[in-house]
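After this come two complexes, each holding subunit A, first together with subunit B and then together with subunit C.
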Partner chain A sequence: MNKEKIEKLLFIVPTCLFLLTISIFPFLYSVYLSLFQAKLTKMHKKFFIGWENYQIILFEDDIFPTAIKNTFMIAFSSITIEIILGFIMAKIFFEIRHLKISNVLRTVTIMPIMLTPLCVGLVFLYILNPTLGIFSYILETFFGIEPFAYLGQPIPAKISIIAINSWQWTPFMMILLLAGLMTVPNEQYEAAKIDGANWFHVMTKIEIPSILSFVLLGIVLRLIECIRLFDIIYVTTRGGPGIATEVMAYFTYRTEFRSFQVGTGSASAVIILIISLIVTTIAVMLLRRVEKNEDFS
Partner chain B sequence: MLRKFFLICTLTFLPINSLMAVDWGSELGDHSGVDLKVQSIMDPYIDAVKEISPQFETATGATVTVEGFGYDGLHEKQIVACSQQDGSYDVLFIDGIWIGEFVEADCIEPVEDIWTAEGTDKSVIAWDDYIDSFAGQAIWDGKKMCLPFGGYWHMLHYRKDLFEAEGLAVPETFDDVMAAAKLFKDNPKYPELEGGYAMNMARGSAAGQQYYEWIYSAGAQPWESNYPGSPDAYADQRGLYNSPESVAFIEWMQEMVNYMPPGVEQYAWDERAKAFTQGKVAMINNWSVRTPLFNDPEISKVMGKFDVALFPHAEGAESVPPVGGWIACVNKHSKNRQAAWDYLKWFASPEIHREWVLMGAPPSRHSAMNDPQINAEQPWTPVLYESSLRAWQELRPRHALTFELIETLGIEVNKALTGESTAQEAMDTANKKIDRLLKSEGYIN
Partner chain C sequence: MFFGAFKNQNAMFALPPVWIPDFTYIKNFTIMLSESYRYLLNSIIVTIGSTIVSLVFSLPTAFGLTFFKFKGSNFLADWILSTRMLPPVAAAIPLFMLFKYLNLLDSLFALIIVYTAFNIPFAVWVSASFFKRIPYDLIEASRIEGASWFQIFIQIAIPLSKGGIATVAIFVFIFSWNELLIALFFTVSESRTFPIFISAQVSQAQIIWGNVAAATVIQSIPPILLTIFLQKNIVSGLTLGAVKN
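Presenting the complex of A and B:
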């Protein structure tokens, strides 16, 4: 082996070791544990049960399938809202980009992203409290609506989670789409103006096609984030009422760290990873196609 | 009559030796340089633990650090630490119902082994001075594993002033409770009230434990061999969660939701107690550890306006007050096990227990329950004592699956209470899931 090869190896080996320790080993160990009936309190007594953990959580129990459904429902609804509101906000900031105050406003707008989801959850827990929260107070004072447990009933709880999630992440989508709008050449707007295009034509024929790759990038990043959604649920509803807001990550946490059923918990973690891989692979493929202008040119 | 009852109890249960002062100088070792770490729940008694521990420091030379955690967080930290054979904490305060799980995880050094090996003076332990329903929480497979110190029993807490104003008798039955709750809910005479009653209804442990707290007084039982007085509560664990009596009880809870404050579906221990402390509900059932808080002028709006009564029961059933509370264990992986044991036997002894209770902690021994000064400072003690003598120690399962089982049950109960499923559907599902869980671990065939 020559000197150059040794040098290359010396650079690569630490990275490989790091990956092996931090990602690959835990993943393989999770797969291994998922094939056992194993409890943290008696790991020495674990025994092999094959695919039974997967069978139980996917087909015999209603909670994990509901958690998958809830995760995607929350992801789909939140991301849709974030794209629509994010685009409107991006357009507003795009139009006022020449004003000095726009920088200040933009900074203020992105503040929710800077907060940890745990804090956001806590703040909304107080806001939505039926007896002490400001939301109920406003509704009762100005509209005569009786105090209501928004996080205590299945459908309102789902809507609340989507609203909290969207509130925090819409600014992220806004920043991304604003960056996209900034890339649209000014000539296109001038040409559209000469041709007599109205705002709707400009939006649908120039702006949206131009920022599509940004939208898709936003979807991919947010989808990964939504699949891992945990903190807000943990603080506000703990998956309740019933299993109305149970999501995959919270189910895994509950199984692993409350029931200490590490076999079942590992099985759900492996399923989450597989789902994440499938979803992100599809999304990245779409993103590449858009970038190459294969379908959307 | 009541006085006679307590006199008999006092003479029967109060061992003479529990009244004698212990010579701590010869009983405790020198632990200079040891930093003894105690891991506790963040319940109201924790301040009293911190207040009394310096006496142990003076006697032994050790320093004592008491750290408090929330209920779920404490359980999680303790089990994870135990699985890693972590000895960071020397003394573990655990919920009595976790005992099976902690034994399974091999986390605790059985105190019976320690005191047998050491030849500890029996008057220091004074096991007979513990109330049976609570002492049982520290025993597993017939062996005394930990020392009980913080016994809780449920009592009905009600607003004496409002009941007197309405000329209502103290509720004894479920029907009485519902009628009173209905009267106080949305009553224009009491605009400060948001509900007549408050229960733990939040998904998971809160709703699950609430079920166990009420089910015996509802005239039902959770599984085949578990009923008050059962010789072996774990002999046949096939579930009876969907029995007609159990379903009827869930239906009763569903109706009670109408007379509770908005958002009760998310109430757990803190929310329930806060609602009563803030004068927002006329009644709650509550663990006795929080009762002193209702008389704390700094946080309570109901000081001097409430009273306690025995846990209510269904028509034709007996009141079976829930028992719970905390037991102190020596961490098997601790490097300071001798100091930990000394702390345990000192802290749980009748003498120190009395002092601790006078600092506002819950009485848990016969001697404390019958102490005139404690009775004067905590005037609810006679009712508490009667509750403790009627309680059933196997109220909730205490084996290794307890946490998961209660959580599973709590999800289904909460589904019924929020209208996601009917009472029958919820309890059928709960029964099926719990049976499967127990089968998977070999508890039933």
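Presenting the complex of A and C:
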């Protein structure tokens, strides 16, 4: 019996220890560092200042509050676009699911999710380039709009980031909602047909209720991704112009690694961490629920 | 971008755009590769390394969480999952200092370790969702016949979940291949990965788009090819095993 216990422990304990040292310890250490004034280049000279770093980034400076606002604005807009477009695409794929070509089409459609975000950013940097990009060529020849630096103006830059983000992640919502639509029992569709329900009724009374938990799961998983949004910003706007597209992860990177302000950087890291923990708790609950429902079906 | 990779600097700027380039023009690729093969090699080593190490850690744990019934197993599973959701940027500086202290900064080893840590939660959850499909009777029968858990793991669980394990491996591979943030913190010169090399091309005063396009194409080949192999299991992977097909 004892031997079996040791054997069982060997399956699980190494991974937990590994996660504790490489994953949990660093996060706790960030909390510790956030209470110090410290420079990355002179770490031996750090001194304790308590909550002052939080005071600085949250109340005395407006860059980090803007970064929080931008992060959620980008998250909210992209996720809304992704749900609407994703639902339309899921419906299309649902209708053509019996066709042979639908598998091939689906694989092509989900490609963007797996592409390196850095490369996605680069492709759009090229497309949006005012002198050689296709976007300004189309705008100029077909709509007569003079090209300008789209990423150099606050509002077009924000729209561009949202567009890039949704372009990459709409397929994710699509595939999730498609999985949701597949769970709708066929009888319900037939019953609706007999009752003479139109497409709007089918959508609001049958489809949306049954995919609701999938939508929620998608929102939460995407929110977690959006909180870490970094690569696309890094390669396209670098938070600019000014701080128009500054987001939380990029702010932290810049403060810690460009200005070497480890203390204030860690404070912002901890705030991101707290926001993530809240979203994560909801995510874990939802994942468990969706998994359970799936087991029944 | 794909077409741009085959254009010379003049064709790149031509208006109206040259839609179909001359595919025999591969100078962009040869220039790129001669400058960057070292970083490409780094990326390949780190990616394959962290994929293997992740699986070595995760598969036994996923097996344990699925088949050992013990107090708190659900809680442990949730805890492992929640570490996946934590933002890497919040761990970057402490890890940077840890590896500096160990004198392992700017090494491929450090990158493999960190990528593994960030991939384990994902790998554990998704493989567990595949292990759950194994009929429990099969496990019980082997236990009665006297097989050890380790034997069951190697001889029954792994062969029966080959497809699922391949899915997990592909996802972990792509995640590591695509990673940028941690590499920015950790790599100075020797261990720079391919994404770091590409992003350095863009921060130069004048971007040579032909080269950047070629690098982008090279960087995109593995994700594109591997996605084709994922096929139906992609939903499971993207939702951490919560949704089955």
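One rule holds in what follows: the second predicted complex is superposed on the first by the 265 of 297 C-alpha atoms of A that agree within 3 Å, B and C clash if a C-alpha of one lies under 4 Å from a C-alpha of the other, contacts with A are read in each partner's own complex, and residues count from 1 in each chain.
Going forward, a contact is a pair of C-beta atoms (placed from the backbone, for glycine too) under 8 Å apart; a residue touches a chain by one contact, two chains touch by 3 or more.
Predicted model, so just to flag it, every value in this text is computed and none were measured.
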Touched partner set for A:176, first subunit B, second subunit C, both or neither: second
Touched partner set for A:79, first subunit B, second subunit C, both or neither: neither
Which of subunit B and subunit C A:40 touches, first, second, both or neither: both
Touched partner set for A:206, first subunit B, second subunit C, both or neither: neither
Which of subunit B and subunit C A:149 touches, first, second, both or neither: first
Which superposed partner A:119 touches (first subunit B, second subunit C, both, neither): second
Partner chain in contact with A:103 - subunit B first, subunit C second, else both or neither: second
Contacts of A:228 with subunit B and subunit C, given as first, second, both or neither: second
Contacts of A:257 with subunit B and subunit C, given as first, second, both or neither: both
Which partner, subunit B or subunit C, touches more subunit A residues: C
Contact residues of subunit A, present in both the subunit B and the subunit C interface: 40, 43, 131, 257
Subunit C-facing residues of subunit A, complex: 4, 7-8, 10-12, 14-16, 18-19, 22-27, 29-30, 33, 40, 43, 103, 107, 110-111, 113-119, 122-123, 125-126, 131-132, 134, 137, 141, 172, 175-176, 178-179, 214, 217, 221, 224, 227-228, 230-231, 234-235, 249, 252-253, 256-257, 262, 265-266, 269-270, 272-273, 276-277, 279-281, 283-284, 287-288, 290-291, 294
Parts of subunit B lying in touch with subunit A, wherever the complex brings them together: 72, 75-76, 79-80, 82-83, 101, 104-105, 194, 202-204, 261-266, 280, 400, 403-404, 407, 411-412, 414-415, 417-421, 429, 433, 436, 440-441
Touching residues on subunit A, where the partner in the complex is subunit B: 37, 39-43, 60-63, 129-131, 146-149, 151-154, 237-244, 254, 257-261
Contact set on subunit C toward subunit A in their complex: 1, 4, 12-13, 15-17, 57-58, 60-61, 63-65, 68, 70, 76, 78, 80-83, 85-95, 97-98, 113-114, 116-118, 120-121, 124, 129, 148-150, 153, 174, 177-178, 180-181, 184-185, 195, 198-199, 202, 209, 212-213, 216, 219-220, 223-224, 226-228, 230-231, 234-235, 238-245
